[in-house]
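A single structure is presented below for examination.
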Amino acid sequence: MRKTLLLLLAVAVAAISGCNQSSKAPSGGNVTPTPAARQITIAFLPKSKGNAYFVSCAKGAQKADDELGDRLIIDGPTDPDPARHNEIVENWITLGVDVIAASCENKEGISTALRKAEAKGIKVVTYDADALPDARSFFVNQATPQGIGFALMDEAARLCGTNGEFAVITGSLTAENQTEWRKFVEERRAAAYPDMKCVAVEACDDLKDKAQSETTALLSTYPDLKLILSTTSLGVPGAAEAIKQAGKTGTVKNIGLGLPNENKRYVHDGVTQGVILWKTADLGYLTVYAADALAKGALKPGDKTFKAGSLGEFEIQGDNIMLGKPFTFNQDNIDQFDF
Amino acid sequence: MKQLLQLSAVTKSFGAVRALKDISFDLRAGEVHALLGENGAGKSTLIKIITGAHQPDGGTIEIAGERVGKLSPATARKLGIACIYQQPALFPDLTVAENIGLRLERANSLSRVNWKECRRRATELLRRIGADISPDAEIRSLSMPEQQLVEIACALGTGARIVIMDEPTASLTQKETALLFAVIRDLRGSGVGIIYISHRLEEIFQLADRVTVLRDGESVGTYFVGGSRREPAQMSPEESQSGRTSAARITEGDLIKLMVGREISQIFPPAESAPGEIVLSLKKLGCTAGGVKNMSIEVRAGEILGLAGLVGAGRTELARTIFGITPADAGEIFLRGEKVQIRSPQEAVARGIAYVPEDRRRHGVILEMSIAQNMTMAIHRQLFPGTWLRLGVERACALDFIRQLDVRASGTEAPGHSLSGGNQQKVSLARWLATKPKVLILDEPTQGVDVGAKSEIHKIIRRLAKDGLAVLMISSDLPEILGMSDRIAVMRGGTIAAMLPGKSAAHEVMSAALGQKGGAG
Amino acid sequence: MNTDQHGYKSILLRHETILFVVLAVEWIFFDAVGHNFGTYDNTCDILRHSCEIGLLALAMTPVILTGGIDLSVGSLLGLCAILFGKFWRDAGMPLPLAAACTIGVGALAGGLNASLIAWLRLPPLIVTLGTFSLFRGLAEAITHGVDTFTDFPASFLFLGQERWLGIPAQALVFIAAVIFFWLLVHRTTFGRSFRAIGFSPEGARYAGIPVGRRMAMVYVLAGIVSAIAAIIYTARLGQAKADAGTGYELFAITAVVLGGTSIFGGVGSVHGTLLGVAAIAVLHSGIAHALLPGEMAGMLTGVLLILALAGSTLPKMISGLRARKSTPRLAKQIP
Amino acid sequence: MKKYFREISVAAALGILLLALAVFAPSFFQPQPLLSLVTREAPTLVVACGMALVIICRQIDISVGSQFAVCSVCAGLFAAMHWPLVLVLAASVLIGAAFGAFNGALVAGLGLPSIVVTLATMVTWREGLRWLRQGVWVDLPNGVQWFGLPQMTGQWTLVLVALAILILLALALKHFAIGRFIYAVGSDAEAARLAGIRPRLMTFGVFVFMGALTGLAAMMNTIQSPQVDPNSGTGLELKTIAAVVVGGVAISGGRGKLWGVFAGLLLLACISPALTHLHVEAYWEKVIQGAIILLAVVTDGLRNRRKSI
């Protein structure tokens, strides 16, 4: 037993030696010369790394970073797991980054970490999906939830001749931004298209295969379903594949938020009638510029407009920096876009 | 008479232990050659060498005249050597036909299995040895004797020229043993050479032509036995000159002496004190799971009650019933006159009953744990109140028993597997003495123990009895039963067959065990 | 028969010292390469991030010591997190009562495993595979896959996110668990009986050890610790979701085996498991601080485990070659 | 027929479920969704066959999920490089076999316990794939989906390939010596050694075969959609082990029938669509699967204890 006690002692020594080293490098943000002079570090958190939506966001972010000359760290889990998001943000805090730009899978979960970052003097901006207002300075909003919700419902109604049943596929039922969009879709439906009926809402955990199996099940459970609406970029191709395999191309319409590249094949085949989205590369680009300006003090609460490099002026509503209106990609214009 | 198998100057050692010291052994066609020797005399090592499971360190093996180099189980089978182990090497999950099929075909992995042919052959083999077992039954559902018969069928099936049988009748009933002997004689008639290993002297005299006695890894000679009704004179001239087979006809007494190597009487410490009042008494005790039926015996303080009987007579099952591993479902147990209910080993220990198990390496000592941990395993509650381990107290208790039983080991922390058989048995004994029992049940206390340690253990047992402990000793070692017991209870078929005084003759015990009405074996 | 003196203790000690060296090398390497890796803050973060898996690994050690395994701890963590939320938000219980009820449920769930494995003597791997899917299913069914429990009071979140006396609050719970399990395994008769059962269940029964009760105990303990880990997970994250703890059981088993505990039972130690958890946690944090992609940490953990396994057969291989045994005993599968 | 009690009881349970569906949710039996369900389960059946062999040989392999993902992504990459599809198929099977050989070498060569070896390889392959690919999907060129065949024939070929493998393996296990050897090694490795079978070679072979089948299944999965998801195969190992155990294969080796595994897999696979059609929330699926596994293992336990007291 002597040996094991010796062992425990050694572990303690290592931990303590670890601590006194810390006294040299002050913890938290590096409070050396003013941030403007030296290169600042921007930490960019996508919901899940492999998701094509966030890959194109990252491309835009990288472009902006090349122009600004900051140091950009992009890291995230491969599946949208809130516990991993918090771990990565907390690692960044001890790493001493200057500003964090995060897309939030789960509002409360990540806000606890983001508040700690702000307490340590690290600036926080969110994009794509917001955190709690007190946990970040600005939210780069690709489009207002109402704008997105109404655009989706209007497109759905146009395709269904304003009547019939439709079903919704979402990423996970707890993803705040998608829940909000669904709220506005429902609001728009109740107001403008009373005889459209939403028969089911299924979650696919951002997995294309699951979206496909959920849609297959929906198609057979609700024979006279007219349209599938996906609020997650993974949903549209999954639903399209299910509709194609069920041989209901054209009879059951398929729309949703989705990237042009991922859905080009299905749009050309007429399985998917159209995808609504915003220029994700611009979203990444604008987010990095906002983060950079926030870190350097150029962007302050109360500003009304913000100039983001080559993209020009963007309107600020309160603490939301508005990217612009959602855009519908369909058969005739989808080939002009590559993201 | 063709020479089937010739071993000359074969030696084999495991690390420091020399298991076989230049053994010469030969087997002729159409002969039953018995192999006799106490446990640990090297019999099973010799068999493992012949079947290719182990490689000899020195000496040569000739099969049907030509020298054989490296022997592996597969090549041994090809050369027509078949072995029936005491623990049948069968596949519990497969059917009888499948087992026989696997053992018979030396097919390469890609050949087709012809099921009809396989079943037919299995049925025919089973019929030949008179076993009424269905070829579709799973081995797992067969009783031990039935599995033994399947093993024999496998050996028969391979058309083996050399058949080795290791204690085949151990768990067979009277009827099945007689049947087996008929099959063996039939094999011998057809020119097969059979090596027959058994402790039962009367079987050797009934069946074997010659017997070789092994003691401590050496061969102490090969002798003719009357069993084959063939007079030594009929042996061809060159056999008798070969000098190894002496023409003299050997008797049972000489065989035992050769096996043990010493006069029986002075080995065992004499009993001194007269037995005290009854400590343990069983009234019509029964346990259907174990096959124990209305056992009624008493054991007095200071007395050693020997429990004799053939393997399978239910002695170990009785011990397990008393100790609560397979609790009794009939009859009563009285401890010092007070009726007790034993439903688990914990209750038995609490009541002062201790059981030194038969299978030392699996149940007696946990080989990976240290001596001290093994010795104190049964008295955790007494030695460590509040479950708090006190290593100092444990060491002291272990040292005390190491000294008391003269356990030869490098220290209290030495692991079980680093000890010899004898010392392991002492550790197992120490564990149960630590519980300060009223009744001590010993199951084959000196099995697989070298001769030196054997007498030490006997002295210990006698000393325990002298101190007033009631001892119930189970043993298949006839001399040990005769030498140690104050009274002998003979069991057969799960119940008491006879109660004999301590000083009875060997054949009286054996005949009671075999169920014959008196007369020489 | 090799006459190595110390038996299982010496093999174990050699394994732990190697692991300790690996841990030290990791620490020094990442301190040099990573940014602010060696700081006190980061050490606290490492402790906070690895607290739940550490707890599960601690509870998994006695389970594996008895030769068993428990795949259901991760799913049970998810179920307990949900129930904790339900008790608090929907049943309106005060937090301490909700916590107590959750631990009660953990014990019950552990009891289900225990009754199937200890009394009916069913193979632990398959029983816990069944309860793995049962508990996860219950967590999803209760919340209809939708519901999450959030906005817990700050006093509760303190347990998961703040520091008390300079140490992360949950680290105190972890240290208490370490002490409890270390004493249980190394200093009480229970620990001694776990090893005996692991080495030879029948041998233990013949020695009068209540095998059934001891095996039941380790699985109930695993249930209780999973519940505690669930509460800490909810505090750290500030919310409880049905998929909490996914995959944690495999992380825990990896840490225990890395720490030198043999999957066959008998050989193993709590401080070994502790070193295993530390080695994995430091690796994950170090990789993040060296700005390398997170997946490298997972892969290196796998490689580390393979090396530890291959390394563990080295002494056997050498002695095997020396004694020129015919064929090494084929691996004995879990009963 | 007492011998097949276990397999028949699973088949009966499946029958009862289908019967209930026929009565309460006839919509379940529409040909098209049923075909796509069976097609999606075809790769899982192929892996389950391999897993049955591994478990009959008294080993276990929980790295099949990761092997499946790596083989799928590799197949996708090769297809994207416009290799001929047959070559892509061969490459995928070979890579799978290589992974199986790695597991086999550690388990049979060094005598390490298979659960821990495959746990280590599972983590290594899965995280290694994520590190290299960073979770990015692989887009397949046209003409890869359904092997270039029209969808219906594509689906039928996959189903028939899976059934062919199942039947071939069942026959091999029953009628070829190597099948008997696997049962023998699983039942008692030491007895097998004495009977002249080489248990370590058989164990190694079983792992290589498992890898090859996983490679094949990965290819069958890749050609079902125009993209390859690097996260495919998660949970595949537990799903196949569950199907094998529910199908009557004893975890202690030596016993089990492949058609029992087929019934077990169908039973577990039908639960999710059945729930959707019965308008029950799909979240009860895991609870029911867990309950079925526990029921199967309890009946096994009670039956064994009664037989060999």
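Going by the order they are written in, the chains are A, B, C and D; count residues from 1 in each one.
Everything that follows uses one rule, which is that a contact is a pair of C-beta atoms (placed from the backbone, for glycine too) under 8 Å apart; a residue touches a chain by one contact, two chains touch by 3 or more.
Predicted model, so just to flag it, every value in this text is computed and none were measured.
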Between B-C and B-D, which chain pair is linked by more C-beta pairs in contact?
B-C
Among the chains, which is located farthest from subunit D on the basis of C-alpha centroids?
B
Determine the centre-to-centre distance between subunit B and subunit C, using the mean Cα coordinates as centres, and give it in whole Å.
45
Please work out the Cα centroid separation of subunit A and subunit B, and write it as a whole number of Å.
75
Where the CA atoms of subunit B average out and where those of subunit D average out, how many Å apart are those spots?
46
Centre-to-centre distance between subunit C and subunit A (centres being mean Cα positions), rounded to whole Å
34
Provide the list of subunit B residues touching at least two other chains, using ranges where the numbers run on.
53
Two or more other chains are touched by the subunit A residues 1, 78
Residues touching two or more other chains, restricted to subunit D: which are they?
130, 134, 190, 193, 253, 282
In contact, pair by pair, are chains A-C, A-D, B-C, B-D, C-D
Okay, in this complex, where on subunit A does subunit C touch?
1, 3-4, 7-8, 10-11, 14-15, 18-19, 21-22, 25, 27-28, 73, 75, 77-78, 81-84, 86-88, 90-91, 93-96, 106-109, 111-112, 116, 173-174, 203
Given the complex with subunit D, which residues does subunit A contribute to the contact?
48-52, 55, 78-79, 202, 207-209, 212-213, 216-221, 223, 237, 241-242, 244-247, 262, 265
Once bound in the complex, which stretches of subunit B touch subunit C?
14-15, 53-55, 325, 344-346, 348-349, 355, 357, 362-370, 373, 377-378, 380-381, 384, 387-389, 410-411, 413-418, 431
So in the complex, the part of subunit D that touches subunit B is made up of which residues?
3, 174-181, 183-184, 186-188, 190-197, 250, 253-255, 307-309
Residue positions on subunit C within touch of subunit D in the complex are 69, 116, 120-123, 125-127, 129-138, 140-141, 143-145, 250, 253-254, 257, 263-264, 293, 295-299, 301-303, 305-306, 309-310, 312-313, 316-317, 327-331, 333-335
